[in-house]
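Below are two complexes that have subunit A in common, paired first with subunit B and then with subunit C.
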Partner chain A sequence: MEFLSLPYIILIIFAFVLYYAKANYHWQRAVLLLSSVIFIGYYHLMYLCVAVGIALFTYYAGRLLYLKRGTKSSPYILAGSIVALAGGWLAARYWSPLFPLGISFYTFQALSYLIEIYWEEEDPEPDLLNFTLYMLLFMKFLSGPIERGYDLLPQLKKAHPFCYENITYGMKSLVVGAFMKLVIADRIAPFLNAVFGAVHGASGIQLLESTLLYPIQLYADFAGYTNMAIGFGIMFGFKLSPNFNRPFVSITTGELWRRWHMSLSFWVRDYVFVPLSAETRRWKSWGIYFSLLVTFTAIGVWHGAGWNYAIYGLIQGLIIIYETAAAKQRDWLQNHMLKQIYKPLFIIRTYLLFAFSLLFFRIEKMSDICYVYQHVFDGVNTSLKETNLGMPDFNWIAFGIAVVLMFVFEYFNSKRDLLKLVTRQKVWFRWAIYYVMIMLIFLFGAFGVEDFIYIQF
Partner chain B sequence: MNKQQIMSDLNTIFCQVLNKTSLELSEETSAKDVDGWNSLTNMQIISDAEKHFNIRFKLREIIKMKNVGELCDAIQSKVSI
Partner chain C sequence: METKDNKVNIGNKTSMRSMISKFYLKCVLIAIPFLLLIAYYVNKDPFLVIRPHNDYDHSTICLDEGAASWYKYKLYRRSQHYDSFIMGTSCTMAYRCEDWNKYIHAHPYRLFGNAEGLVDLYMKLDALDKQPNQPIKNLLLIFEQSLLSKNYMQSGPCYLMPPDVSHVSWLYYQMTFLQDFLDPLFLVPYLKFELTNRYEHSMKGIINPYGRSHFGYGNDAIYPNEIQIRKMGERYWQGGYWYKFGKRRFVATPGKEFSRTIFKVQQYYLRRIKEICDKHHTNIKIVIAPILERRKLNTKDVAIIRKVFGNDNVFDFSNSTDLSVFDKHNFYDGVHYRTVLGRKIIDAVYNKKYLMK
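This part shows the complex of A and B:
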């Protein structure tokens, strides 16, 4: 049941109407729980059983950890719970014929919940239904954002009265997300898939173009999904965590990872990097480098079973280690170069490093990845015609304009909340914007292409 | 050791780690207020502070520190023991 599918739209309409029929906490919780159960069960009953099983396990493990706080058994309970949850996830990822959707995301939620209780930063949720909803909430179930208990649980414990302004704000976020997904990501997806699916048949220039465009496709796809998830959340009165913050303006790879898939990168920072770097801090810089390598390899492996994913993570770690070691030289450059030159130069460098490392993320066969690296600068084979990747000129123009629009929107949105600004405009102007946006999506969107990329993780 | 002295020593440590000539730290200053203070440099700051004050933090104490004031309090409680 995809966000942009008819069954989902029907589910969301029913859920929405029922949800606001009674601004009562118990009623709204029941509607959300039922909607989430239908949403997950619609994919496969087994997915629902696994998710509920993990929710129950985590709920009782959290209570046990709380009861045994300060005793000698507490670290063992935490370790046992981590082994069980991570083991279950690994078994599903590597050995199960059916990979339960969303398991990577809600397992990470479960782990953070238990670790926070163990660290005595949080107390366990007393109500089983609240906790189950925290784990299963349908708008963030498939691909996050990975929510922390202390952010989402308090929001689940109160009634959400109908708020016209919030609901329209959420719908605007949905439209922005749909635009990114349908007009940008899905527009280019079939052509990049054709190149990456048969790299030996592509010319050098096609490989280079695809390598450079893939980060934009991936970003529009995943950030588009996130904007929709956040938009659905706002429509039901919830504030979900942001996952992206203009990653392509980063001047270092370290900064990029503070702006890219933030709910995952902050998760590994807090529960892998910080404990590891704290334990190894006597090794000075080497402790930080070691922790970075382990953390980023873990991010890579989180994405999949192949060596390519581990290498993808390892490359990110190595680049950040280099950036950490060369921080003084970078500062010197920054102080001795014009800002107008330094910033674009480092933004382009960061983008290129990310784009070329993403080949390990996009292509599974190592021999194909090597082939791309060997031939990416081969240039044009036969004619300049091949530079369009088989995509009609009209599509290129629509795609190009949409990408520019997306970046311009994000730039101004970072200065001032544009969606709120639209709300304050006169009715005729506001509705003109809505019509233009929806027309643009219907005219230039690519419908029925495929799932969201991150649904597979 | 009084708080003012710890703050002054911390200021020097922050400047060294973050490669800055001067910084104006207050008790409320947190990572989002200081350019370059992130998860990578934070552990170097903690490690240098431990060495300077001859103390050792537990992991849980490190996690609980949310700003300079809390770091300062944690140092003061350990130094005065």
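This part shows the complex of A and C:
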């Protein structure tokens, strides 16, 4: 049951109507729990059993950690819990014939919850139902954001009365997400899939074009999903964490990772990089480099069972190590170059590095990845017409305009909340915008093309 | 105090309820125009894709012929026991099942598509192969440069094949047509025609002004230009379309050939077509269509096709030595030719009368 499917729309309508039928905490929690159970169980009953099992394990492990705080057994309990959770996740990832959807996201959520209790930054949640809802909440279950307990749990402990402004704001966020997913990501997806699925049949120019377009597809897909998740959250009175902050304006790969899949980046920063670099601080710079390499390889491995993912993470780590080591030279360049030249140059450099490293993320077979690197500058097979990748010209124009619109929207939205600005406009103008947006999605969106890319993680 | 609190609560509840009602009302108001249009679309089904129809030969609009001929095939396959197929682009209009049947004595059907590509053709053949109890005894494939150059499955409302052929999801398939319906470039002329029932030039390419476009169980073509030729005689090749484009487009370029078209992907699909034919012991004939300007298919491409399907099964009319093939009276325009030439080609193919090298 994905966000843009008919069963999900029916579920969300029922859940929404029931949720606000009574502004009562117990009632609303029951509606959300039931909706989450239906949402997960609809995919596969086993997914629900695994998710509930992990939630129960984490809940009781958290209670035990709290009880044993300050004792000698406490680190062992934490280590045992981490081994059990990470082991379960690894087993599901590498050996299970059925990979439970969302497990990477909620396992990381469970790990952060336990570590925070161990560090005495947080107390365990006393109410089992609240905790289960924190783990299973349907809007963020499949692909995050990876929520921290101290952010989400307090929000689950109170009633959420009907708030017209919030609900309409959430709906606007939904529309923005749907636009990104349907008009941009899904529009280009079948054509990029055709190229990456049979790289030997594509010409050099098609490989180059697909390599350069893939980050945009991935971004529109995942950020579109996140906008929708955040929108659904707001409609039910929750504030979920943002996952993206205009990553393609980054001038370094390090900055890009502070703007890309932020809930994962910050998770590994807090629970892998910071403890590791603290442990290796006597190695000075080498300790930092080592920690960076381990952290980014962990990010790569998080994505999947395959050397390609590990290499993808490793490449990110190596680039960031280089950037850290060459920080002085970069500062010198920044001081001696015109800002108008330096910034675009480094933005393009960062984008290109990211795009070419993403090949390890997108293509599973190493031989195919090598083939792309070898032939990406081979030029054209027949004529320049093949640059359309089989997509009709009209769709290219619509796709191009949509991408520009997305970046322009994000630019102005970073200066001022455009969704709130719309709310303050006159009614005829607001409604015109709503109709135009819905029409644009209807006319130019590609429906039923494929699932969200990050659903597989 | 208690009474006062209760009143406040009741007041809050009332305003909350009115707010919720207002919200739901606005949602319905936003949805109404779309729901009305969708209801109209579902009721009319102008693309003939939502539910099965009894007639795919007449339609108000210019159809996705690939989908329409597939649906028509499915409608009659049980009663007509089709076992032989003519496949290719709209150029297949020159080949009548009746003419072909004189040589094969079977149950032929013309399964064509608008500007069909090689991958579309393969997908259709593959779908035929997967139909239960579907023999493929004879196959007449009409190849041309534009068909061979497309190394991808075509999308969009003019080309997309039904889900059982294209393997796209049902939702994607239906949304493709619904989106085209909602596109003002389609919707406005369509609604105008529905209201006035009068064809205007601005409706060209959207509304079908001729009524019937194919006929019979074999799905033979009715090309409206044939009626024009009957009316106008020799004047057809002098005025209008021919006068306008005569000098610019149809200058004969004998000996000139297209650049290479068949690469790895095309070779892959040609081999897959051959595999299906081998599985069904199909008697396959491949016609490389002539075009008026006498530009031939690339020699290396022809050699590849011959290598895959065998020398005796490939007939390159783009390089015909019989110049009467390229007589303009055989053509409706630069690429579409008449049944008179189609008959001649079928005869040449099956009686081994070599109109080509």
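Here is the rule we use: the second predicted complex is superposed on the first by the 457 of 457 C-alpha atoms of A that agree within 3 Å, B and C clash if a C-alpha of one lies under 4 Å from a C-alpha of the other, contacts with A are read in each partner's own complex, and residues count from 1 in each chain.
What we mean here is this: a contact is a pair of C-beta atoms (placed from the backbone, for glycine too) under 8 Å apart; a residue touches a chain by one contact, two chains touch by 3 or more.
Small disclaimer: the values here were computed from a predicted structure and weren't measured.
Asker: Could you tell me if A:E121 is touching subunit B, subunit C, both of them or neither one (first, second, both, neither)?
Answerer: After superposition on chain A, A:E121 lies in contact with subunit B alone.
Asker: Quick check on the superposed pair: does A:Y309 touch subunit B, subunit C, both, or neither? Answer first, second, both or neither.
Answerer: After superposing on A, A:Y309 lies clear of both subunit B and subunit C.
Asker: By the touch definition at the top of the document, which applies to A:A23: first (subunit B), second (subunit C), both, or neither?
Answerer: In the superposition, A:A23 contacts subunit C only.
Asker: Quick one: is A:F442 in contact with subunit B, with subunit C, with both, or with neither? Answer first, second, both or neither.
Answerer: second
Asker: What is the contact status of A:G254 with respect to subunit B (first) and subunit C (second): first, second, both, or neither?
Answerer: The first partner, subunit B, only.
Asker: Is A:A327 touching anything from subunit B or subunit C once the two structures are fitted on A? First, second, both or neither.
Answerer: first
Asker: Given the touch rule stated above, what does A:A278 touch, subunit B (first), subunit C (second), both, or neither?
Answerer: first
Asker: Is A:P161 contacted by the first partner subunit B, the second partner subunit C, both or neither?
Answerer: Second partner only, subunit C.
Asker: Identify the partner contact of A:H200: answer first if only subunit B is touched, second if only subunit C is, both if each is, neither if none is.
Answerer: Second partner only, subunit C.
Asker: Check whether subunit B or subunit C contacts more residues of subunit A in the superposed model.
Answerer: Here the partner covering more residues of subunit A is C.
Asker: Can you tell me which positions in subunit C touch subunit A when the two form their complex?
Answerer: So the residues of subunit C touching subunit A come out as 16, 19-20, 22-23, 30, 33-34, 149-156, 168-173, 175, 178-179, 182-183, 259-261, 263-265, 268.
Asker: With touch defined as at the start, can you tell me which subunit A residues reach subunit B in the complex?
Answerer: Checking each residue of subunit A against subunit B gives 119-121, 254, 258, 269, 273-275, 277-279, 281-282, 284-285, 287-288, 292, 320, 324, 327-328, 331.
Asker: Residue numbers of subunit B touching subunit A in their complex, please.
Answerer: 19, 38-40, 43-44, 46-47, 50, 57, 59-60, 62-64
Asker: Touching residues of subunit A toward subunit C in the complex: what are they?
Answerer: 20, 23, 161-162, 164, 167-168, 190-191, 194, 198, 200-201, 381-383, 389-392, 395, 431, 434-435, 438-439, 442-449
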